[in-house]
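My questions will all concern the structure given below.
Chain nomenclature is as follows: A, B, C and D, assigned in order of appearance, with residue numbering initiated at 1 for each chain independently.
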Amino acid sequence: MKYTLLIDCNDKKGLVYKISKVLYENDFNIETQQEFVDKENNKFFFRAVISGEVDKDKLKQELLKEIPCGNIRIFKKRKKRLFLMATKEAHALGDILIKHYSGDLDIEILGVIANRENLKDLVEKFNIPFYFIPAEGKTRIEHENEMLKIIEPLNPDFIILAKFMRILTPNFVEKFPNKIINIHHSFLPAFIGANPYKQAYDRGVKIIGATAHFVNNNLDDGPIIEQDVIRVNHEMNWEEMREKGRDIEKIVLGRAIKLAIEDRIFVYGNKTIIL
Amino acid sequence: MKYTLLIDCNDKKGLVYKISKVLYENDFNIETQQEFVDKENNKFFFRAVISGEVDKDKLKQELLKEIPCGNIRIFKKRKKRLFLMATKEAHALGDILIKHYSGDLDIEILGVIANRENLKDLVEKFNIPFYFIPAEGKTRIEHENEMLKIIEPLNPDFIILAKFMRILTPNFVEKFPNKIINIHHSFLPAFIGANPYKQAYDRGVKIIGATAHFVNNNLDDGPIIEQDVIRVNHEMNWEEMREKGRDIEKIVLGRAIKLAIEDRIFVYGNKTIIL
Amino acid sequence: MKYTLLIDCNDKKGLVYKISKVLYENDFNIETQQEFVDKENNKFFFRAVISGEVDKDKLKQELLKEIPCGNIRIFKKRKKRLFLMATKEAHALGDILIKHYSGDLDIEILGVIANRENLKDLVEKFNIPFYFIPAEGKTRIEHENEMLKIIEPLNPDFIILAKFMRILTPNFVEKFPNKIINIHHSFLPAFIGANPYKQAYDRGVKIIGATAHFVNNNLDDGPIIEQDVIRVNHEMNWEEMREKGRDIEKIVLGRAIKLAIEDRIFVYGNKTIIL
Amino acid sequence: MKYTLLIDCNDKKGLVYKISKVLYENDFNIETQQEFVDKENNKFFFRAVISGEVDKDKLKQELLKEIPCGNIRIFKKRKKRLFLMATKEAHALGDILIKHYSGDLDIEILGVIANRENLKDLVEKFNIPFYFIPAEGKTRIEHENEMLKIIEPLNPDFIILAKFMRILTPNFVEKFPNKIINIHHSFLPAFIGANPYKQAYDRGVKIIGATAHFVNNNLDDGPIIEQDVIRVNHEMNWEEMREKGRDIEKIVLGRAIKLAIEDRIFVYGNKTIIL
């Protein structure tokens, strides 16, 4: 049996020793192991991919005996189940569809919700359920509840906002803590909010970027998972920046999804630790 | 009428003056204009996007009167017609399909040839003709001639090798001078030839790359159009490098296609000048 | 005689023709020429390096006859004269000193002012006048006036803030429009103000940057000349980010100085056009 | 007492457990710890910064009892002692001098040897011994022996080739295994040998780079420590590439030195593992 073992707790002497002792005595093989201590906050983070015969519940009991304070999570290795949300742009969604199709992203796609209808044809080419849920004439909460009725029963591991251009309220966000990943089309915290390419153009920056982050209750303010940038110059208007930025958006989102499905991301405060 | 005007010739004093005089006197509006002088070789390169009422043949005559030595090309702005070739990997081909679908690449795709059959389903989702032309049991020339029989009548503006993993002979290449664009999965001239990711892994590099180039008669040695790189480290085996590299491959190929369809690339000797 | 010719004016048809006509008829040789049209604002920008026998005042007259609206500047090629300001960090200042020493930056350094004394020894190693002007016990204006008494008589082409950690008031800034270049240790507009590395650490970004910009009357809000970035991760505390960032700061500042002394930067509104 | 503990040996189950057990039982505090298993070669690499009261020889004995096969190195934290070699370019050497001066590189510089004399003045500004050892009229071995007579008695931790433009023979190299760090002005393995910027220009690449590597007996073929790149284009001749490349050369060399003096680099075969 192969597991991913994630532990975070207050740091103290001997944690690695105690964890590796339990793994050794239960005859686990460690494929990879990383640990990190946040000294400012005295927090210990540990991730290992392990294989062995012992059941995961028993392993958890053994570990808790040695490190009682620990927040211990053990995941059996399996394909993660993702739900996607989009509006009308095809690049980020299309990149996930192609990576899923080719096996470059080893995921199950449960479905796609969009508040525009134009992506229906693309999604259905790949035999993935598409739900058109327009927002017009509904309150935010009504619109979200309509979407939740589809998503919640599916119990996805992660919800990916592949250029979903609406703000989610706490009503929605709080149901999926550290499970909603958004791609923002700027190098956060620069250019929060609407039309960041226009903002970047107006400010005359020489580099633009994209940011994948977990969604919390503050707009574009959740824990950052991954960022990347590209050069721009005075010759480009904001539409050209947007077009050039799309490649970075999809790449950054793809990397964040990869980290998420491999259970590599710890969230602590408003930051991520990636092991 | 909107045209792209491309001129290259030996440099001498007054070329910009003479060109702009002709454009001015024929009442052309210049949308963008760039010029470059290669001093080492005394060569002048000029590109302009112009609009006006005068016919392109008449404009060419007028220009030739002023700069008789000039290699003058005038293209009416139109959607370029591309033919794609692939083997079995979906990422580069899929990226072009999505960009074509969404309009991010304003091209016509005439068809896709592959020497494996697995991409047929993906290509046909997008209603694009797919031709499975296996190479087994054929000489190189026989295989190429079979492909040429499909491609030549279509007279494509460019042929894109979207991870076509076979070497083309002069028999094929010479029919499409500066029209075949390949994506090589390394930072050329490092790691020419087979399995560059394995080569990169074995050499222990800290950065890998991808290179889009025109195909000439020497393997991986044609004029470079675009390159980009990403960081790797000792933790990654060559399969992981390959996977991470795929994002760069498709991005670099996409940028090269963009430059090609906008008629921005001059080839001089074994180099490109991009205006 | 070699000149740099800079022109900016409202765009209209035939500008390149008229400029190149004057250059041609006055028998100028054009070494490099670039032009850019800002379509949003209908502005034309032109830069050329030219050589010929005609006097620069006569050339200006001739050009004004053809393009009366033009803001025309003609500089004889000469070593630019820079004045440097610093506080206590050695990296950005030291990089300029080394580049000046080795000839990589072809500049004259008129002197260095600092509001701390520790850099005196470094600067004087290179036989450059060092002025220690502490700010303690003085109003901002008093402090600035003391510095102006040294700088103004020297009439520098550019003033370089090589990590000068004080805010300049309009009293100072307005005397040197588009002549003061600052290096800010963040990827502006992210992390304006004090200790941007601490701000970046607190926000949990995965990339940090540096920004060289002209100084105007709003803190960290002047026209951006150049930016660059590097990756950081959760393992780095803010002091480590600062240390890693120093390399980027000095590189970005060095590039901006290079662009400035080659007369390549146009300022329009709050942006730069770099030709 | 603070130590850096480095272990490499054949991988087997329980290594982390056994190491952490020894550290725990000897009451060591672990500041940072990283480990890596090279699965292809079944090799285990471990680095920890630890503090405690136990003597390093005793700790080594205790560790050897648990992991007898281990190549165990324990370094007391101290300022590393570097010897520098250069030829005539100031940028890489100057950057080390400034970083040493400012404390950004916490090193002792034992001296500088150059085979040209022009850097003498720069080095002596910083009160560092400069040895001018010309190569003219000497065999390689004679020249090297003259340099070795100065370097060997100083027993440096690392020898830094800060653009030392001569090839070292096995006579020299074998005396300092994995202690000589060179900066090569290309993105290796592209452009091995003389004038890589000219080679890069001639090949028409769109990106150039720099590579810091340990020196072994094959030219430019030692284990790579760090690399970085910058964009170039058709407008730049090779001298401009060289000038732009200098910034990257010095940055990459500086990062490699940093990794070396922190005892972060393992060499295995022709690769580095950086923990």
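To be clear about the criterion, a contact is a pair of C-beta atoms (placed from the backbone, for glycine too) under 8 Å apart; a residue touches a chain by one contact, two chains touch by 3 or more.
Because the structure is a prediction, the values reported are computed rather than measured.
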- prompt: Computing the C-alpha centre of each chain, which chain sits at the greatest distance from subunit D?
  reply: B
Field: Between B-D and C-D, the pair with more C-beta contacts
entry: B-D
- line: Separation of the C-alpha centres, subunit B versus subunit D, in whole Å, is 40
Message: Counting only Cα atoms for the centres, state how far subunit C is from subunit D in Å.
response: 35
- prompt: What residues on subunit D touch subunit C, complex-wise?
  reply: 89-91, 94-95, 97-99, 101-102, 104, 122, 125-126, 243, 246-247, 251, 254
Query: In their complex, what parts of subunit A are in touch with subunit D?
result: 13-14, 16-17, 20-21, 23-24, 29-35, 37, 231
- line: In the complex, the residues of subunit A that touch subunit C are 36, 38-40, 187-191, 203-207, 209, 223-229, 233-235, 237, 270-274
